[in-house]
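Okay, so chain A shows up in both of these, paired with chain B first and chain C after.
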Partner chain A sequence: MATQIQKLKPAIAPPRPSARRPGALRGARREGIFGFLMISPAVVFVAIFTFIPIIASLVLSFVSWDVITPPKFVGLANYAQLAQDQSVLRSFGVTLVLAVAIVVLQLVLGLGLAVLVNQRKHAWSKAFFRTTFYLPLLASTAAVSIFMGYMFDAKFGVINYYLNLLGVPSVPWLTSPVGAMVTIVAVTVWQQVGFTFVMFVAALMSVPREVLEAAAIDGAGPMRTLFRVKIPLISPSILFASVVAMINAMQLFDQPYIMTKGGPGTATTTATITMYQSGFENLQFGYASAIAIVLLLIILAITGLQFIAARKLVFYQ
Partner chain B sequence: MNTFDPSINRRTLLKFGGAGLAAAGLASLAACSSAAGSASSGGTIKMLFFGQQSAATALQNALQPQISQLDKSAKLEVTGINGTDWNDFLAKVLTQIASGSAPDIVSVATEGLQLMASKDLLIPLDSYVTKDLSSLQSYFDDTHPALLESMMFQGHLYELPDSFNAGSMFYNTSLVQQAGLSAPTAGWTMDDFHNYATKISRAGGNVNSFDWVVRLWGSWTSFLYANNGNLLEEGKYTGGDWLWSKAYANQPSAVAGRGGGWKWGTPTANSAAAVEALEYVIDLQRSGLSPSPDVGGGATLQGLFSSGRIGMTIGGGFWAGGLHNAGMKDGSFEVQKFPTWKSNRSLFGAGGYGIFNSSKNKDLAWEIVKMMVKPESFDLIFPGNVTTPGRKSLMTADRYKTTGPTNWSVFYDQLDGSVPISAPPYYNALATSLNQRTTQAISSGDAKAALDGMQSDFEKAAAGS
Partner chain C sequence: MTIQVTAGRRPAFKMGSLIGIVVLVIAAVFALGPLLWTLTTSLRTPAEAFTNPPGWLPLQPDFSNYSAVFSQIPIGQFFFNSTIVTVLIVAGQTITCTLSGYAFAMVQFPAKNTIFAMFLATMMVPLQTIIIPVFVIVNALGFSDNLASLIIPALGSAFGTFLMRQYFMQMPRELGEAARIDGASHFQVFRLVYARMASPAVATLAILNFSGFWAEFYRPLIFLRSQDNFTLPLGLVGLQGNLGTGSISVVLAGVVLAMIPSVLLFIFAQRYFIEGVTAGSFR
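Moving on, here comes the complex of A and B:
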């Protein structure tokens, strides 16, 4: 085997630039063009549906525009207004609180479920649980939110019905500020936990068996193995999951908009709801764009912090 | 190995790519800003309709033969737009306009009229009405002037209203009977209403005496109007005599005091009347007579009422068809005027069709608007009693014999002394604040603090409009 690899080595080693001949250069050029062609659909797609909207939003954030009359350049006025707008600043606070709660629960529950499922011996039972926990993720968020809105209705919801049967008084799930926050976090985590769960299951399955055997030989129990071996080894997956989950959670819209309309009051009004209301209800598209840009910057900053923290917390093999 | 040949100038590519993206971004914005200027041309009249596309298509098919009689080459294209309420519909219409697809004719309710008129999106119909006054006289003779006045702005008429809904009180006849109560009479008061609510609650079962929806039309605002208050200072624009003196020349008493449309002034959201009205509905909830209301729409309320779990609720003529379609039999629900508090004022919202300023077929669009207020058009546009006809001659016992209620005359009678919902040009911001502050008041129980916040929101919105 070793001999075979040695024999192959010269064949796969890259030629030094000095050794290139004109024919090789043409080949490389063709390869480059081909590469560009292959990725061009993706580039065009991302440009049309991501970069252009971001740039359009950035441009819009410097104008006052009600859709109906032509936009008027206002410089940084939208940002100045935003800095003093308590309702918008509160919505960023609400977003942050909801996002942190959702991401922490998603990671902890996803990991816990993944560890439990990974310990199951039969392949069919692993497949069953993987499918079961992932299933809510496939459902429409809007449909889930409408359904959950009925489930958690204070007076007629099935949740309070069963609580009442147990002698527990009705809980104002969606009509009190704390209840609404808790319900939105619970519904979001219930639907989204399948994402982190599946990712962690795959990561745990890739932990080398010999490492686990070595830990066992060294006398490490299940908990010690989990915290000292498995979690460090899957920490890159945890980082990735936390970054993606945080980005999604910071853009939370469907669940609070459908279940509470951002209420009661503004208790569950997230930044994206404020953005929607400013743009599509109050016809302040410039201001809504400024909120979008600030939200983008906050998400970038949080992602940056996560990667900085990862330098100390994430273990790469 | 670097497979990218240096001769492919990536820097140049990125430079031009970036410039292209920026140009595209600006171009898309520029395209949006000129959206209102584009409209259908040729023989196609585009209409935006509040409802399902299936209903829009049915309307299109029903009207097309009549339109073909006017102009053989004319083609009507009706697009249905869904929404939980008028606020939602309006937001979608404006988004469509922004995308560069302005219609010729649009369905606009009271909620959006002043917004669209103030932005010059709709044209005043004054000259058209004056020109065709004789052919429209039967329409004016048949339509309450309050509806026309609600479609005026700054002295000009922007729509011929074809429908409306005034806030009346619906009740479940079985639950009222079970509570040992007789049907409420037209002159019932708030004390009577409270007595009904208390007795229905005592009758037992998983029933709430009263329920409502958080929105501008027919929510706690109905109690506010009955309490002789409003969210905004009421006033009238000058003008309008051109219409009243000609179209209503034979009904001088009916148009006495009418002006050129409702002028919504200084916010009065935290007035004593408003605080008292909001505190009243909060107390209903606290005392278990009413559940926490939903925001917008009304589908949940309709479901609860039709399944016999709500004793009374605020509704308009639209509920006759709505409750019938939800499975309620004729006789299982009834309606009465909203109870009198400090006044017997109720609120209403009207609907109709406006012509877009950007339309290149305004004359044909006007002919279609006229066609749509003909008596025979009403049931084509609104099959199944899903709203109240603007023409009084259409209010007949025959119309309500299948759906009920028997006291259907309340729907039109309620218009006397009623005031349209306060929908100024900044209606959208007003509605958003109303929803937020109302739910805040209900969850906190502090109506005054919530209404102080609402007052501040309204003042800010009014200043920015």
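Moving on, here comes the complex of A and C:
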């Protein structure tokens, strides 16, 4: 290698006008233009389809607009209406309950499975379980909602069939308010647990061997090692997983929309479903934007709370 | 090694290991059960589809559902639509995000940090928050009820840019400097030196986009009206709504068909799927 570079050097050294000062300046400018050209395709698309819409959403939340007649500025009227609207407030409550249940189960089950898989000694058994728990993520949420809807059917569904065999009476999964909420949490967790699981497996593999050996020499059993050594060491990953999972769960739409249409009644009508209904069914673009902005603020607040809570709980090396 | 030191604990450890494997096997049954049920039920005759116990082993597979799904709904058209949308978005983002990610990582230009901060800020905002203005813009551009309404807005991505930037940041700067001294232009340095080393990040981004957009339901539901334009998830949900309970096995045949591309891709590129999950955590 070294000889190669030495051979190349004299051949290239003579023609270097850019070493002079004016040339260097021109070079910086040329680099700047190159940089702008490189980012411009991404900037154009992100600006038109993400950045401007964020501002537009905020602006729309202050107007009344039914798409047919021109928009009219109404100040905070949409927000005032929202604060009184029982169905919207209820949908935020439903969203919060479902999201907390989903995230807690996703974290606990994902971590539990990751710890158990991490203890497997053979590479093939690790690979088998990792693939198995990831597989549900390969189906679309729409597909999962379709086949789970059949499986959870109260009369003919396979779930109630096996419960009956175990002596448990049929549960009205999708036709009772609590049953529908439980089903949506179960279906979502079933599909999404692979996400937290894969993250935690990766995190556990990065725990240094020496630390675990030191813990064993000090006489720590498996449980103590788990709670006092492994979990603190992977706590940054747990925080990250909980933030991402919570942001996703607060936007829950596909599963309740497809399986229950938000019902029975409004038992599984999430905030995004009310937003969809007022925006795209009732054509109240201003009001729907206000719901969207409130949802964004709630998500930001929850994320903030998670980071504040993390200050005490998360251990950074 | 650790076991030797704590030899006294050995029997307890073995017991724990046994419980561990039992729990894992039960979890695996729960994870695979619904997928297996879907597959085997799609291979039963429509008449038996909803009878219990389910036929866990398709001893006499009946493939009529798979031909029925093509004759009853335009699933071929749905496949075509989903393929067009997914392929063009994956290709588009690969180009735009590789270019911008490289520039943010390796090139000096004015206001770079400000623009990048604005990119990062948009990453926090959920799709639901911006869907109404995007819908208005898409209609104004004349893309309503058109596959372009799904493709064009997704051609750039702040997250994709961020992912590619993180990857380019780890690459040694000396390589580019050496190539510059040798007379390569800025674009040649990018194309001949760095872009070639970026294929793992490109693969991760492509897989993430493939799984996201192949499965997407929300935007198609809002942007598409006529059945001929439906993508697979939207078409399948429509199929479920249109048909009576007798044709469950036909719907499930459609569900299985829609999963095949993802499963094939997963078999060949599993590593990048896993990478995609953890990609965001390296902040």
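Just so we're on the same page, the second predicted complex is superposed on the first by the 265 of 317 C-alpha atoms of A that agree within 3 Å, B and C clash if a C-alpha of one lies under 4 Å from a C-alpha of the other, contacts with A are read in each partner's own complex, and residues count from 1 in each chain.
As a working rule, a contact is a pair of C-beta atoms (placed from the backbone, for glycine too) under 8 Å apart; a residue touches a chain by one contact, two chains touch by 3 or more.
In this text, all values refer to a predicted model and were calculated from it rather than measured experimentally.
Student: See if chain A has more residues touched by chain B or by chain C, and give me that chain.
Tutor: Of chain B and chain C, the partner in contact with more residues of chain A is C.
Student: Does the superposition put A:E31 against chain B (first), chain C (second), both, or neither?
Tutor: So A:E31 meets both chain B and chain C here.
Student: First (chain B), second (chain C), both or neither: which does A:F315 touch?
Tutor: Once the two structures are laid over each other on A, A:F315 reaches no partner at all.
Student: Under the stated touch criterion, which partner chain does A:F156 make contact with: chain B (first), chain C (second), both, or neither?
Tutor: Both chain B and chain C are touched by A:F156.
Student: Please work out whether A:A292 is in contact with chain B alone, chain C alone, both, or neither, and reply first, second, both or neither.
Tutor: Once the two structures are laid over each other on A, A:A292 reaches chain C alone.
Student: Per the contact definition in the header, classify A:F280: touching chain B only (first), chain C only (second), both, or neither.
Tutor: Once the two structures are laid over each other on A, A:F280 reaches both partners.
Student: Regarding the shared-chain residue A:A56, is it in contact with chain B (first), chain C (second), both, or neither?
Tutor: both
Student: For A:P70, is the partner it touches chain B (first), chain C (second), both, or none of the two (neither)?
Tutor: In the superposed model, A:P70 contacts chain B only, not chain C.
Student: Pick one for A:F227: touches chain B only (first), chain C only (second), both, or neither.
Tutor: neither
Student: Need the overlap of the two footprints on chain A, from chain B and from chain C, as residue ranges.
Tutor: Residues common to the chain A contacts of chain C and of chain B are 15, 28, 31-33, 35-36, 51-52, 56, 60, 150, 153, 156, 280, 285, listed in rising order.
Student: Name, in rising order, each residue of chain A that touches chain C in their complex.
Tutor: 8, 12, 15-16, 28, 30-36, 38-39, 41-46, 48-54, 56-57, 60, 109, 112-113, 116-117, 119-120, 128-151, 153, 156, 158, 161, 190, 194-195, 198-199, 202, 212-213, 216-217, 219, 221-222, 237, 240, 244, 247, 250-251, 253-254, 257-258, 272, 275-276, 279-280, 285, 288-289, 292-293, 295-296, 299-300, 303
Student: Name, in rising order, each residue of chain B that touches chain A in their complex.
Tutor: 1, 3-5, 7-8, 17, 21-22, 24-26, 28-29, 32-36, 87, 91, 94-95, 97-98, 119, 121, 208, 291-292, 295-296, 300, 304, 309, 426, 428-429, 431-432, 435-437, 439-440, 442-444, 450, 461
Student: Along chain A, where are the residues that touch chain B in the complex?
Tutor: 14-15, 25, 28-29, 31-33, 35-36, 47, 51-52, 55-56, 58-60, 63, 65-71, 150, 153-156, 172, 174-177, 260-267, 269, 277, 280-283, 285
Student: What residues on chain C touch chain A, complex-wise?
Tutor: 1-2, 5-6, 9, 12-13, 16-17, 20-21, 23-24, 27-28, 30-32, 34-35, 37-38, 41, 50, 52-54, 95-97, 99-100, 102-104, 107-110, 112, 115, 118-119, 122, 124-137, 152-158, 160-161, 181-183, 186-187, 190, 211, 214-218, 221-222, 232-234, 236-237, 240, 245, 248, 251-252, 255, 258-259, 262-263, 266, 270, 273-274, 277-278, 280-281, 283
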